[in-house]
Amino acid sequence: MQQRIGVFVCHCGTNIAATVDVSAVAAALGREPGVVFARDYQYMCSQAGQDMIKDAIKEYKLTGIVVCSCSPRMHEATFRKTAAAAGINPYMVEIANIREQCSWIHKDKDEGTEKAIILGRAAIAKVCLNVPLTAGEIPVTKRALVIGGGIAGIQTALDIADAGFEVDIVEKKPTIGGKMAQLDKTFPTLDCAACILTPKMVDAGQNEKIHIYSYSEVVSVGGFVGNFTVQIKKKARYVDETKCTGCGLCTEKCPVKNVPNEFNLGMDTRHAVYIPFAQAVPKVATIDPNYCLMLKNGKCGLCSKLCGAGAINYKQEDEIIENKYGAIVAATGYNPISMDKFDEFAYSQSKDVITSLEFERLMNAAGPTGGVLLRPSDNEHPKTIVFVQCVGSRCSADAGKGKEYCSKICCMYTAKHAMLTREKYPDTDVYVFYIDVRTPGKNFDEFYRRAAEQYGVHYIKGMVGKVSPEGKKLKVRGSDLIADKQLHIDADLVVLAAAIEPDKTARPLATMLTASMDTNDFFTEAHPKLRPVESPTAGVFLSGCCQGPKDIPETVAQAGAAASKVIGLLCHDKLTANPCVAHSDEWMCNGCSSCENVCPYHAITYVEKEFRMPDRTTKIRRVASVNPAVCQGCGACTVACPSGAMDLFGFSGKQISAEVDAICR
Amino acid sequence: MYKIKISDLPALFDKLSEKYDVFLPVDFDNGAKYKKYEKGDVLSEKLNTVKSPKDFFFPQTEDMMRFKTEGKKIDVIDIREPKDDFIVFGVTECDVKSFEVLDNVFLSEPADTYYAEKRAHGVLISRACSKPSETCFCKTYGIDPSEPSGDISTWKADGTLYLRPNTDKGEAVISVISGILTEADDDEVNKEKEKINKILDRLPLKNLTTEGFGAGKTAELFDRPEWAGLSQSCLGCGTCTFVCPTCQCYDIRDFKTNDGVIRYRCWDSCMYSEFTKMSAGQPRLTQKERFRQRFMHKLVYYPENNGGLYSCVGCGRCLQSCPISMNIVKVMKALGGKNE
Amino acid sequence: MQVNEYKPLIVAFCCNWCSYAGADLAGNNRLNYPADVKIIRVPCSCRVNPAFVLRAYQRGADGVLICGCHPGDCHYTTGNYYTRRRMALLFSMLSYLGIEKERTRVEWISAAEGAKFAATMNEFVKTVTDLGKNRRLEDLRCKK
Amino acid sequence: MKSKNELLRENIIRTSGADVKKCMKCGKCSGTCPSYDEMEYHPHQFVYMVETGDIEPLLNSESLYKCLTCFACVDRCPRGVQPAKVVEAVRLAAIRQQGKNRLTPDGVEKYLDDEIPQQAIVSAFRKYTK
Amino acid sequence: MQKISRFDIINRLKDLLADGNVDRVLGWKKGEFRYDVTPHVFTSAQELEADFVWGDFCGANFSKYLIKETAKSDKKVAVLLKPCDTYSFNQLLTEHRFDREKVYAVGVACDGMADIFKIKKITGDGISDIKENGEDLDVYTIYDEKPVKIKKTDVLSERCLSCKSKKHAAYDELLGGDGDVLDSNRFDEVAKIEAMTEEERYAFWQGELSRCIRCNACRDVCPACTCEKCVFDNPNSGMENKSPANEFEEKLFHIIRAFHVAGRCTDCGECSRVCPQRIPLHLLNRKFIKDINAFYGEYQAGEVVGSRAPLVDFDKEDVEPKNAVGKEDK
């Protein structure tokens, strides 16, 4: 059938119209063969614009439409719905991207107009070869996986479980809780982090819909939205989780006591068998195989003898568990960056130069000093404390160190630290060197002002250039830009607001999830404004700092949002599949298995089929058969197929060739 | 009759190429091919070029017309340009006779003007086959390679090339080069003819006859069981049809250009599964049928429609180039009356 | 000046998930690159058949670019690994046949690399402009 | 037509190879500068004043010769601005003017003593002379 | 490896037919002249006695015929395979193109095939007979009583000069024993072309490919080209054509053809053998083989049934195209 194509050119306000002569584009495309209607309009995506499209489809009996507008990644779905509402197949729509890939990057109007016409022509050439497609359906596994057991992961899991769905948390550490468990107080309310976090941890631990895989890692992810298959490695903790009561006897009696305690960032020690902290969930001991005498050289076995529950099992091995999930939430969190490249602050030279997270532990009642602020070097009260902001944040890529982004949370927690210090120890001089103080949040600026005004924290606009340990003192040299002076401060403690970066496990996880990441290894969201908690990979959602720096309330809000997206997905029994899948022309298929070999989804199988040949004989042939519910439409098979029997709906060889032809005209 | 020393041939070609485009067979790696004469080119000793001279009159691909589309308008444009006179030099008698076959097809009404125009402008200068190949069997079709025809006939003997114009076109060519030719009598040529005829008697295929073939033999030959065995190893590649001087099937196709269409024709082959495919499919579904079609056409159907003229001239090209060495000689021997 | 007026025609095949998004980001950030570049969206770089590359040249392209996710980051897990092999061999063959190897290229550009996209396009257009028109792999009929 | 000052500014930026627009005005350069107290204009001010085109005061300032070119600011600048190179470029602009050589061969003698390494004299001569 | 005679082969084949193991034999049938040997399906001892040949012109590779032949009947067919043919045989099995159970593979030792074009280059046309005479060939022509004596090694086919293996990669039984995989020099010619400048390479291939008449002999004889419908015959492929209209299409055809068989081509050399225009097509396929070996490690298609062809495989550390092209040797 001869196609009847309608072309709709969007001005996008002035976004397109400023550099592309939209009416000229409409006029030129209107002359293309197959086009029976073409016009431009201010905002095609508006209700009025969509109505115009619908009316034109009906009035001109259009069989396909081309919208010259913004990126298809933005509004393809919108216009497909529009087309469907007007009674034509939603896959008879093509978008010519004349905004992101034309008007926004070209300054010359003639050039922009010419290119817009060419892009429009390519879209027309393609749509002429489009065929109506019907999306299939795929079943949904009603279970979610949350990767990461910090506040983001816990909140997401709790919200999903609340809606009645099974949810698993995979946490690489022996306990959930994450960074928040290490914090002392939280800004701007100064309530105790543990007091608000631990009840949630307990909830998660006790919720029958939630299963926690602690001390575990995701090792492989297969499948796709609605039907992921995930392998989880439960690392051997040498303690039977089901038997251990968490009494802690072993952790007290273990003869190996000199293990750096990671929970306190190495500022004190723990035993070889340990429970990270008192409120750990699950409250189960873990044996550190790097230090345990029994595991290292087979001598000791004390904990095993002591354990009344008989939970110790030195023979335990890593275990791989395979589960199916309908949705996956990444909540892998963050870490402070290494201070290796910032040695002007003498972090490696003096124990009294610490990071803010270490400061949290020094202030925490459960920390290495029992909540008393003492210098790590000599356990004396520091009298002069210098806080340095933006250490490794906001660095230019040219500088070759640090991160380009603002870590967002440092201004507030530094104000908190300064304030708490002054409150507990009024005799202490507290200096905060800042470049800018950024406090965009509810009650945030008030909080910061309180630190300066009520608690007398010295806020200095400037930056520390050098810290030199000299005897018991730290000589701090910095600039005071307002006073136009260089300051020299003899400090007892220097606290560095280290930039935060995504956890190192995020990158390999992103690869497994085929979720995209930015250059900083933060997960990319499907749309920065409109779909902030979804990854572009369907079925993968983002929670917490793995998507970008966030404070606790933001994290919790995002965790809830991610949970609601997951719930929205899991409450469907079936999902609409992408109809742009591969299909094989059985008459042309040779049965060579090339396509089967390259298919990442095992969507292609071979069947023996009887064919009635043109010469009236019958023949049994081995031919490829694509499972459209499993195929994701990458097209690898279409090129692997030597005979061209394999083609892809929506991106057929003919369609792409037609686009090439149209562009090269 | 005229003559010129072989060593003076370059001067002859130079002279001719002042007025004509001259094409002559030159050697390449393992064969001979027609090439537009340029100074320094040497006439090949080999008789058979890989591609036959039919290419000059019925090229493998030939643009016929153009359609230009502008918006929704289509213009038809005749793209033929006036043709200059040209000479094809050194054509063997079998190839000369192939034009009889082609002319019957292309020049009968309605005449194929593309072909006709080239025939009108082309001058064939033939040559006698002093050194035929073992694959030659033109005698089978009554062709005499010692007495070549064409617009001018030539013989090579004793370091001399003898030329005899046969047509007005031939005379016109001679007049261009008469300055470097000398008059000659027929003696040397007659001796050469005798020599050639003796060689012909020694050819391995000298006894091959067309007996059992020709007009009216369809019913007898069509269902012969031998076809199955003969065709079983045929690859259906079409090499035989492309090197054949008399195969004249073509396909008309459209090529989409940037702003229109070029309609062109190109050689087709009855050996192809897609040959004469129509909406209802192909008339010949198996390779056996396609194989049979080619030989039946050469030996039965064509003679039936053209006064007994076979559409094979015995040049032997297909014998040399078939990848699996199946050919018309084997077919004739398997099916013919007296052969074998 | 005649020389400067030559505008190459560049066809860039971009995978939907990374490079096409990278191109969108370049647009969002208003990063200029020449209008000579025309992008064709494909689901994955592995959808790009060598025949498309040759067709682009046939139809008059002077340069062809295939852009995909960085190896290891393919939305479909492994697609770009196949692209890498196919195109390495295809390009090597084109070079073997004497076609300028600079005309054809594979680039890995992620959704976050708008700047890289623009920089790559600027650089590639310059390279192809310096090479001049594609003469060795063109089909003159197309321009008739 | 560009003003003389604008040309001077462009020249300084070009010879320095630094991108002054990248400066986020944190002051770390000045916080780190060992010659800070000797200087009338400090490293961050050099960067800022070149950025805004307020160059005349810098050309005439003794600060030009107080910078030790120790590159601490270059090393620590989080934005990769390279303030010392900006100072150096301004200094070059100053001494390249007619008769503005900071150190003449005649003037060297007064600095000579047993303490000062000869190389210091040579490099100072290189630095302060056209 | 020992030289095997026509007599020995016929005897064995007759036994196979007589035992009822097979009901037909795919072998070489004599032609009009010594050199025009045709693949043929023999069904009886008499037929074998009369027409079967084994000698210096039995170059045809039968592997591809097995697709058609095995589909014809449930009975086994015996096939004669030279060492190079066995690689094609295996490759077709890898691609599930025929049923191994229906084939009885008889490996025959081979010491190389002669190239009639090379012989004619020496003797000229008019060959009436060619007789084997030890290491020599006596070539008789109609122009001379006495034969021209030619050393067989001087007229060996190009592909046999750089024979990659005298060892059979597959067989049910061997006649004449087995040889070794050879350390062949088959990439020397490719390297020579690679060493040319871009302009020289362009000119070289332009010269070679311009002779192409798109007779499809290379494709149709190729044991890797077994598509049910070739893209060049398929109007939907966008590159269907029956003749090379210009230089572009000459290149297109040969690039795409070589690419489609890349990683699957066993380098049997049939394409170059049958090209009526003597285009060295094997140099295109060998380029891919050489590149594959250099980029992804040694791979011989058809060496092992079921091996994964390089183009449907990958390694995470594969070389980047920009680092690969033009650096094949590094």
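Note that the chains are named A, B, C, D and E in the order they appear, and that numbering of residues resets to 1 at the start of each chain.
Methods note: contacts are C-beta pairs under 8 Å (C-beta built on N, C-alpha and C of every residue); 3 or more make two chains touch, one makes a residue touch a chain.
Note that the structure is predicted; figures quoted are calculated from it, not measured.
Trainee: Which neighbours does chain D have in common with chain E?
Mentor: The shared contacts of chain D and chain E, listed by label, come to A.
Trainee: Walk from chain A over to chain C along touching chains and report the minimum step count.
Mentor: Graph distance in the chain contact network comes out at 1.
Trainee: Computing the C-alpha centre of each chain, which chain sits at the greatest distance from chain E?
Mentor: It is D.
Trainee: Give the identifier of the chain nearest to the protein's overall CA centre, each chain being represented by its own CA mean.
Mentor: That would be chain C.
Trainee: Which chain maximises the distance between its CA centroid and that of chain B?
Mentor: Chain centre farthest from chain B's centre: D.
Trainee: Using Cα averages as centroids, what's the distance between chain A and chain E in whole Å?
Mentor: 55
Trainee: Counting only Cα atoms for the centres, state how far chain B is from chain D in Å.
Mentor: Here the centre of chain D sits 87 Å away from the centre of chain B.
Trainee: Counting in whole Å, what is the centre-to-centre distance of chain B and chain C, each centre being its mean C-alpha position?
Mentor: Taking the average C-alpha coordinate of chain B and of chain C, the gap between them is 46 Å.
Trainee: If you average the CA atoms of chain A and of chain B, how many Å lie between those two points?
Mentor: Averaging C-alpha atoms per chain gives centres 72 Å apart.
Trainee: Indicate the residues of chain C shared as contacts by at least two other chains.
Mentor: If we look for residues of chain C contacting two or more partner chains, we find 50-51, 55, 59-60, 72, 78, 82, 86, 141-142.
Trainee: By the touch rule stated above, which residues of chain A touch at least two different other chains?
Mentor: If we look for residues of chain A contacting two or more partner chains, we find 598, 640, 653, 657, 661, 664-665.
Trainee: Which chain B residues reach two or more other chains?
Mentor: In chain B, residues 255, 258 touch at least two other chains, as defined above.
Trainee: Which pairs of chains touch one another in this structure?
Mentor: Once each pair is checked, the touching ones are A-B, A-C, A-D, A-E, B-C, B-E, C-E.
Trainee: For the complex, which residues does chain E have touching chain C?
Mentor: 193-194, 198-206, 231, 237-239, 245-246, 248-249, 251-252, 255-256, 258-259, 262, 284, 287-288, 291-292, 295-296, 310-316, 318-322, 324-326, 328
Trainee: Okay, in this complex, where on chain B does chain E touch?
Mentor: Residue list for chain B touching chain E: 28-31, 33, 46-47, 50-51, 60-61, 131-135, 199, 202-205, 229, 232-233, 235-239, 242-243, 251, 253, 255, 264, 266-269, 272-274, 319-327, 329-330, 333.
Trainee: Quick check: in the complex, which residue numbers of chain A touch chain C?
Mentor: Those residues of chain A that touch chain C are 71-74, 97, 99-102, 104-108, 111-112, 114-115, 118-119, 122, 510-511, 514, 516-519, 524, 536-537, 580, 598, 600-601, 632-636, 638-640, 648, 650-651, 653, 656-657, 659-661, 663-665.
Trainee: Residues of chain E touching chain A in their complex?
Mentor: 71, 95-97, 226-231, 234, 236-238, 260-261, 264, 308-309, 311-313
Trainee: How about chain C: which of its residues touch chain B in the complex?
Mentor: 59-60, 141-144
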